[in-house]
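So the structure is just underneath, and the comments pick up after that.
Each chain carries a letter (A, B, C and D) given by its place in the written order, and its residues are counted from 1.
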Amino acid sequence: MTGDAHTPDRRLPSHPFDPDDDKLREECGVYGVFGAPDAASFVALGLHALQHRGQEAAGVAAHEGEPNGFNIVRRLGHVRDSFTTAEVIKALPGRLALGHVRYSTAGAKGATAIRDVQPLYAEFAQGGFAIAHNGNIVNADALRAELIERGSIFQSSSDTECIVHLMARSIQRSAAERMKDALRRVEGAYSIIAMTRSKMIGVRDPLGVRPLVLGRAGDAWILSSESCALDIVGAEFVRDVAPGEMVIISDDGVESQFPFQPSKPRFCVFEYVYFSRPDSVIGGLSVYETRRRIGVELAREAPVEADLICPVPDSGTPAAIGYSQESGVPYAMGIIRNQYVGRTFIEPSEQIRNMGVRLKLNVNRAVVAGKRVVLVDDSVVRGTTSRKIKEMVLDAGAAEVHLRIASPPTTWPCFYGVDTPDKEKLLAATMSEEEMRDHLGVDSLRFVSLDGLYRACGVAEGRDDRAPQFCDACFSGDYPVAPSDRIAQGRLKLAAE
Amino acid sequence: MTGDAHTPDRRLPSHPFDPDDDKLREECGVYGVFGAPDAASFVALGLHALQHRGQEAAGVAAHEGEPNGFNIVRRLGHVRDSFTTAEVIKALPGRLALGHVRYSTAGAKGATAIRDVQPLYAEFAQGGFAIAHNGNIVNADALRAELIERGSIFQSSSDTECIVHLMARSIQRSAAERMKDALRRVEGAYSIIAMTRSKMIGVRDPLGVRPLVLGRAGDAWILSSESCALDIVGAEFVRDVAPGEMVIISDDGVESQFPFQPSKPRFCVFEYVYFSRPDSVIGGLSVYETRRRIGVELAREAPVEADLICPVPDSGTPAAIGYSQESGVPYAMGIIRNQYVGRTFIEPSEQIRNMGVRLKLNVNRAVVAGKRVVLVDDSVVRGTTSRKIKEMVLDAGAAEVHLRIASPPTTWPCFYGVDTPDKEKLLAATMSEEEMRDHLGVDSLRFVSLDGLYRACGVAEGRDDRAPQFCDACFSGDYPVAPSDRIAQGRLKLAAE
Amino acid sequence: MTGDAHTPDRRLPSHPFDPDDDKLREECGVYGVFGAPDAASFVALGLHALQHRGQEAAGVAAHEGEPNGFNIVRRLGHVRDSFTTAEVIKALPGRLALGHVRYSTAGAKGATAIRDVQPLYAEFAQGGFAIAHNGNIVNADALRAELIERGSIFQSSSDTECIVHLMARSIQRSAAERMKDALRRVEGAYSIIAMTRSKMIGVRDPLGVRPLVLGRAGDAWILSSESCALDIVGAEFVRDVAPGEMVIISDDGVESQFPFQPSKPRFCVFEYVYFSRPDSVIGGLSVYETRRRIGVELAREAPVEADLICPVPDSGTPAAIGYSQESGVPYAMGIIRNQYVGRTFIEPSEQIRNMGVRLKLNVNRAVVAGKRVVLVDDSVVRGTTSRKIKEMVLDAGAAEVHLRIASPPTTWPCFYGVDTPDKEKLLAATMSEEEMRDHLGVDSLRFVSLDGLYRACGVAEGRDDRAPQFCDACFSGDYPVAPSDRIAQGRLKLAAE
Amino acid sequence: MTGDAHTPDRRLPSHPFDPDDDKLREECGVYGVFGAPDAASFVALGLHALQHRGQEAAGVAAHEGEPNGFNIVRRLGHVRDSFTTAEVIKALPGRLALGHVRYSTAGAKGATAIRDVQPLYAEFAQGGFAIAHNGNIVNADALRAELIERGSIFQSSSDTECIVHLMARSIQRSAAERMKDALRRVEGAYSIIAMTRSKMIGVRDPLGVRPLVLGRAGDAWILSSESCALDIVGAEFVRDVAPGEMVIISDDGVESQFPFQPSKPRFCVFEYVYFSRPDSVIGGLSVYETRRRIGVELAREAPVEADLICPVPDSGTPAAIGYSQESGVPYAMGIIRNQYVGRTFIEPSEQIRNMGVRLKLNVNRAVVAGKRVVLVDDSVVRGTTSRKIKEMVLDAGAAEVHLRIASPPTTWPCFYGVDTPDKEKLLAATMSEEEMRDHLGVDSLRFVSLDGLYRACGVAEGRDDRAPQFCDACFSGDYPVAPSDRIAQGRLKLAAE
């Protein structure tokens, strides 16, 4: 309906073959620091460690005490480009700070408007308030329409702004109580960090779909999407914030509340498959080790005669190591990733394009030539990447190419804060495993089973179909929270129907 | 209380002697175009012609029809730097557009936050709405506190946002009716241009303190702060919008309404003295000719034996011409202004500073040496410039320096959209004419009388003290609208008290 | 032949009607400071005052003592944008500095390559050497071909680089002696400032075509193209450097030498007409006063019945004042110049263009309507501006428009450091005065005579045709130095032939 | 002596612990394309693939045919940031283009001046000439002094400029013959690509110290430092350019000449150890496979009881794989590299620093805790990184840390185009293996032997000490070309002495 083009960018054509385009994308990471001098410099480091959760934009809010109060800087682009100067950190003084990295789910697609970059800020009668959110509110459209009708003026297209307007209209006095009022109206997945001038609040939705951890660095408390962002500042991991828990951090310490109806947790299993960093520990499990174990399960379920196990870098690496270890077939770097990444590059001329430009990945020709190669990747979304990589490996002279996928077939979109193509664009939603094998042109194709995935995640007995231990809707269509806006728009027909 | 530092700039030290620092500053200009293809390119040109009314920032909103609706670009800096590329105009398609140049009165002082740059935009239940405002709302603080208490979330520190929130809560359906509801709660001076997807609205406050004119360019209608911005696009001047009038422009033409209680008009007399451009015509008077006539009045009231009449460029030029013509003393360019202006320059070393750097003005030494010189300037605010210029002219060898001011002594601050120093900083508020003469170190000093000024403005009988024909509060302390926020804060004691 | 596009700029379409495009352009200004701490900050100020002599680029070289030696910064754009930060001045420490502003004559036309921006720098066996040049070498092509043949490698397309290579091959040891060797091979016009680590050298060609003055600021010596750039730093004017003089400034003071065959001086008369700033004094004459006197001569030679004398701002202003004073017809600002200049602006749509956009100049409609107007301008080059302005004044309702030009008809190109159109583009080279009047569509057109111009320049008896006191080749075709490259290329047929 | 600060950057403090700082650095890569439309876009892609050979700056020269000839763009920073827009490629039209990425060896250290960025360009009497160079000229200082004495003016501090000035003074007519004249005066290591308007020349020094390969893409010929940069554009590998060979590419095809005295080749063995990309094939050997075999040799020479083999990413990875395969100890990603690299980051506060910030590397705590870990790295230079990583691994709870290095101890600086610390900064030059083990604080430390390295490079019988097959001066002090400038300066005492 509207767009506030503060910085109307010339859009560069992205390259036709970018292997990273064919992934599900986590769209946010959040990070908060309470009680450290120059809290914003901690936050900048933490966001850098969470950069894989959102590369389009980043923002930091800090409170410098009265009378100046809150300062907020929001920028498009990477943390290393936007938040690395002394100037920007000097513009964000104070002991309390929180930040956000963002891809883009709800909100204007395509060109991220700077106004949609979080943290959001609002001034209530009781004082200022900043908030950052990882997840997605599935009834945001309905809430927005209701609020506008009553005179609220929205400044962004972010679903998070609903929470702020609901809080503004609450008759409670404290920010924490106003937030509870607001969240009781909200459906969906969320891990939120918020702050007033004297308190920092962390909260996870009742199912705990998205991660949130608590850390400690000297006297300071830290909230972070993942534990790897505690390591970067040398902080100590304390514990996961529990599903449905609200922690309220003040100079008196950390207070824990459980404001919602208790539910059985349903943590997102795809965080283990791809989203989280391998050096994070979530829900007591090492992400790296879990991925390696998926490779082990895969080798057991789908062995193959071959000469080499090669990961599709970097996401397939831990599972490939596991597969190699379980199968005894040697592991090799058959595909090399250019470390000087860069998504935008000149559109190549027809001539170059036809020759097949390889900006990010190159096959290690001398390694794969004449070999029977097993490629291990984390997932197949549209299949465009897999097909292209297979061609590159064959062009380099491989004798056979077998594809092993460290997750079950992705057949359903996610509505809980992940950017997924529509169902009809998901390869596995439209083809059987055999059809996919033929479509991709590989000698064999196998996915790990849902039970195998659960076993790698530490559930020895596999998935409990009546009460699944994780959210695996992208594989099963079993949505733990009904995506009500989508259903209202007639844009989704659920599996059950 | 808070600041949203989207672009925290390193502030450069401005030069210690900038003659333009010692001026009252008009803080805004507005411009709207209805019914031209590429309306935004007209608006960019119009804002360039209104640049003297605000140099800190500019913004343009345009409506490109459904489904994309409104686009807005706001930038710090000059129009010629921000709105001159094909890219920015391409980002603002459509037949309706409005724009704003801004100095800064209400809102965060100093570093203009981009969020305070107008036009403001809001989405109401009935559709989008953009607004730009020249003037100042004197009860904005009280309105803001009331609105926040009721759950409105403010995004800027601009007083204009009060109007938007009042409109959002109106139960009227059309934007024009909502605006009337809102403006009836508002006290102060305003010339506003607003637009919906199909209408453009122009309105002046009941006293008509700030200017607003209507023009025509082919089939298109134009609203502008001044007529010089009609000339730049080759448009035709139609008429002034009347004090208290609301014009509603649609594809059906221009509708005129008078929604307020009728009042006797009180147009700002300082627009004639300094703010407006000399090639504008306001209220039927040529600004240039009015200034020349002030010089004529001044020559009659305050003659002096001299060799040369020299303007302080550029604002003193028309009055100096008039003074020369009436007195018969030759006119000469005794002071030269560097056309390559630039406010920011390196802080000179102690050595250079002591020698007296002259970035903007230079005395034409060969012209003034040995002469009795009459300097004509438009006004004296703090007196810092006058004193410095006098020294420069004496250093260059002038025999005598007489100062003639083309306005009465400035003794009161303005609350209607002009940036004025506090009363105690105004030289004329603290000294008699003789004291000022001694303080400035000139051989004689004279101001035009208030009656002389009124005569130059076409009121042959001079000021009617019981019902003054203009707003002249800065000279008289006679405020036509009580500045209620200031009084509530105890920060102003009125003349009458 | 080649271009080193360090910064290949997107060229913005300049506006179709820019009155400043129809001028001859001085192409350089030079400024040097010997013996001041932070000499570069003086130079930045001096170049700002000389900005009218070249707006495309600026450069500053400074020597900070051993071991670091010379630092040089060269930038495209205005001094106020490029040399105003503490950072850039900090990058240029030292007591000796020199600078240059440039338009572009010799060297790549159009997009100024940064490598053509002066000062040039070279390392000789005896040490480093920086040089900046105002003027033009007319045998540069021949010298360049000879030097390349002998193994010199040119880095720029600047004619000044010939001097540097000639110096590199000199067998003299001191920079001053090498420079004399080089300049004896050079033909043309030049005012040069050069420096070694311990000396600053200023030199004017034997005819003294371009200006160069010597000033004093405390203990420091200053060399500058014009005296107005001494005023800006509060320095004292000492004297003109004489035609054919070389001054060598060291810690021992100023040494004067005359290395060339003596000639009768031929200072460029167009410096008085247009190039120099009105507040400069050159050759003992005030530029402002000279221009005013041209107006007086013009009023005597070409009077007319009229109501108003209006300058074409800003260059016609002093002559218009003189004309008004001599004729007794009132002076008025009939045309207003927008002080927020900016050459680049969006290409207006067809619709706007047809209405006649007025970015820089606007007619003061209320002043000229119904009046017989005399427009006074400094010169006519192509005539495009004069024609356009005449139309604007008539559109605004003037009864008659008379044009008076404060210089003789411009009929020949300049080869001494001024950017002139080819002869066939010069209006006066192809038409008689009557034809020009008809072409421009004015009621009358008159130029000041060559003798009148000489009288205004203080030569009471007018021009001595056998030994003219000035270089007036652009009016007379009488070239004091034969432009040998041009003749060799067959691109010029001299008047005498 | 001098610096031409075109873009004087504020230098950001780099982070105190950057593992990439403790590496030898290859300083250049070169790439040329003959006979493809838009050759510059190929070159941009090729340079992106060679980015690991130089990250400070890049340049591209292209010839667009007469009359415009050569265009050159040189920029600081990464290829992906500087050469990815359509605009920059449009500024470089033509069928011939060559490019260069640069770290910095000879030339101004620290802030790379843009004038030192290659390709260099010169205009000879016979036409334009561009050149790019990987390597280092060891008698450049002597040559430069001689050339300046004879009147050559140097524009850069690059050693490559000596070649250009020697060519300018050659009496030969063709560029290839001039180049032979010049190279016969030059001592050192070089792989050069040069071009005239119609020819492209590639040449390797007689010992072939630096790599250079020839490829084919359709009708176009390509010269590249490494074969991985052929793959990126889909080009075919043809062959290595031979040591001492000059290839001259024209529309008639590729002509091969051997202008130098024949020598036994001495290719740089460190290209296999670290400099080249693992997916390149040089001298018939796969770089990846060679590194893996070094790991195998290392496992044989220096086995250890352990639980895990962990690479120091990314340079230690192939050797770690080989070590694991030979030893049977499982391979694991015990250290994770943040893919969002960024060398510059805010200087952390004292508090954060003390906690140990980990911008680039993080230990995978869950993987190494309680384990006996073998870390495999490619080399030890100063040892700062190894020490820091060992601490991180122990902090994460490892039981033992053993360090295995996939190259012999680095004890001598390189003078052939590699940035090496002075000898006394090289850890292995000052300590025995035991002392190093204690200094680094590891449980054991072992380097591969020189013979082991040669075996991995395919020399089954190991190094031939009388006629070594590679240049291994950094390990042996056996310099195949005497570094004459260094010896003249008394800054190097050779091993033999």
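List of remarks:
One rule holds in what follows: a residue touches a chain if its C-beta (ideal position, glycine included) is under 8 Å from a C-beta of that chain, and two chains touch if they have at least 3 such contacts.
Not measured: the values here are computed from a predicted model.
Here the chain-to-chain distance from chain B to chain D, counted in touching steps, is 2.
Chain centres here are C-alpha means, and the one lying farthest from chain C is A. Per-chain Cα centroids separate chain A from chain C by 62 Å. The centroid of the Cα atoms in chain A and the matching centroid in chain D are 37 Å apart. If each chain is reduced to the centroid of its CA atoms, chain C and chain D end up 50 Å from each other.
Contact of a single residue of chain C with at least two other chains is seen at no position. Against chain B, in their complex, chain A makes its touches with residues 1-6, 8, 10, 67-74, 87-88, 91-92, 114, 121-125, 128, 148-149, 151-155, 164-165, 168-169.
Of all residues in chain B, only 12, 36-38, 41-42, 44-45, 48-49, 51-52, 55, 78-81, 83-86, 89, 217-218, 228, 231-235, 277-279, 281, 286, 288-289, 292, 314, 317-318, 321, 325, 330-333, 336, 338-342, 344-349, 351-352, 354-359, 362-367 touch chain C in the complex they form.
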